[in-house]
Amino acid sequence: MVFQKSIQLPLFSRGFHLITDHVLSELPKVSGIVQVFIQHTSASLTINENADPTVRMDFETFFNNLVLEDNPSFLHTYEGPDDMTSHIKSSLLGSSVSFPIKNGAPNWGIWQGVYLCEHRNTPRRRNLFITVIGE
Amino acid sequence: MVFQKSIQLPLFSRGFHLITDHVLSELPKVSGIVQVFIQHTSASLTINENADPTVRMDFETFFNNLVLEDNPSFLHTYEGPDDMTSHIKSSLLGSSVSFPIKNGAPNWGIWQGVYLCEHRNTPRRRNLFITVIGE
Amino acid sequence: MVFQKSIQLPLFSRGFHLITDHVLSELPKVSGIVQVFIQHTSASLTINENADPTVRMDFETFFNNLVLEDNPSFLHTYEGPDDMTSHIKSSLLGSSVSFPIKNGAPNWGIWQGVYLCEHRNTPRRRNLFITVIGE
């Protein structure tokens, strides 16, 4: 069975945000694999700790220091200093997450959740496309 | 066909370790996609070189320098200096690997294998969940 | 339905290159998930911006600065200064990309495409293995 659904997230500010509920509420009652794909190249998805907000704040701090906005070498800066850095963060973290599902529930650890990683300064409409392959 | 199986790895020390045999021994004789998912947020999985132990040592060296434990900006440090850094390394490398399978054998390059990336100082029980979709 | 196909890319120089057409021309007219897997550990795949060549140039600049070739700590340097660094870049970016497909067309954003990330100095034959699970 192939299940596919497009969802639009509410607006999120720059940073790392838990969107687990937005994803889980869409899943059919099957067992197999879930793929959540983000249809953008300046925001990304990752799976990480689902409880303490400071984890998501530290993620933002770390990635801002890893991919510096004042890098004079960057050529692709049409849309401002958060343009090229967003593309790079997006590939470091990834455009999709994939996890196992069993009878409609994620078969992951109790501390795991899905993050939207919004790398742009201005909140944007972000579309996810969910595919579940299962039986 | 959907095949799902949970496995528990033996204890591994901090660092990068080949766990290819632990994964391959569980695969059914089908053709399709294998997903190996780690049910934790302070250890991760990646696919890389399967022969020379110094590759895995250099991975540990590189990631320790990339994600410094004495970063005074980190807020999430309840469990020690290897706490937040482990979450970050986990998202840089990823919580799952996925590779093609043909008649029960991985269809990857001759130099490829699966690494467990253990980011915590103290060895912990790590559970993997394997899903194979194939026919 | 499981569809599997091996393809060999033309030679690409060190850097980031759009290979979207090479991938899309192989896809069957189904709906489901596409996995593109690279059978090497010194080149990688990612999904990012598909229009402006300076994005790919900035990627090369960024990753060369992130993973320095003159790192005296590296032990695995048999094949030159671009040996170990290629393995690390490969795991930071990933050995596969996965995206949704609907009626044979990628269900991604209008600005998304697939990059081959060639990390070695000398162009090499790179083999991809494409698996599509769909119906």
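Per-chain residue numbering starts at 1, and chain names A, B and C are given in the order in which the chains are listed.
Heads up, the rule we're going with is that contacts are C-beta pairs under 8 Å (C-beta built on N, C-alpha and C of every residue); 3 or more make two chains touch, one makes a residue touch a chain.
Not measured: the values here are computed from a predicted model.
Q: Taking all residue numbers at the chain B to chain C contact, is the shared part over half or under half, that is, same or different?
A: different
Q: Roughly how far apart in rotation are chain A and chain B when fitted on CA atoms, stated in degrees to the nearest 5?
A: The C-alpha superposition of chain A onto chain B needs 120 degrees.
Q: What whole-number Å value describes the gap between the mean CA coordinates of chain B and chain C?
A: One centre to the other, that is 20 Å.
Q: Find every residue in chain C that makes contact with two or more other chains and list them.
A: As it turns out, chain C has residues touching two or more other chains at 33, 66, 92, 94, 98, 133.
Q: Touching chain B in the complex: which residues of chain C?
A: 1-2, 4, 33, 35, 37, 39-41, 66-67, 71, 73-76, 84, 87-88, 90-92, 94-96, 98, 127, 129, 131, 133
Q: Which of the residues in chain A come into contact with chain B in the complex?
A: It is residues 31-33, 46-49, 52, 54-55, 57-59, 61-62, 65-66, 92-94, 97-100, 102, 107-109, 111-112, 133-135 of chain A that touch chain B.
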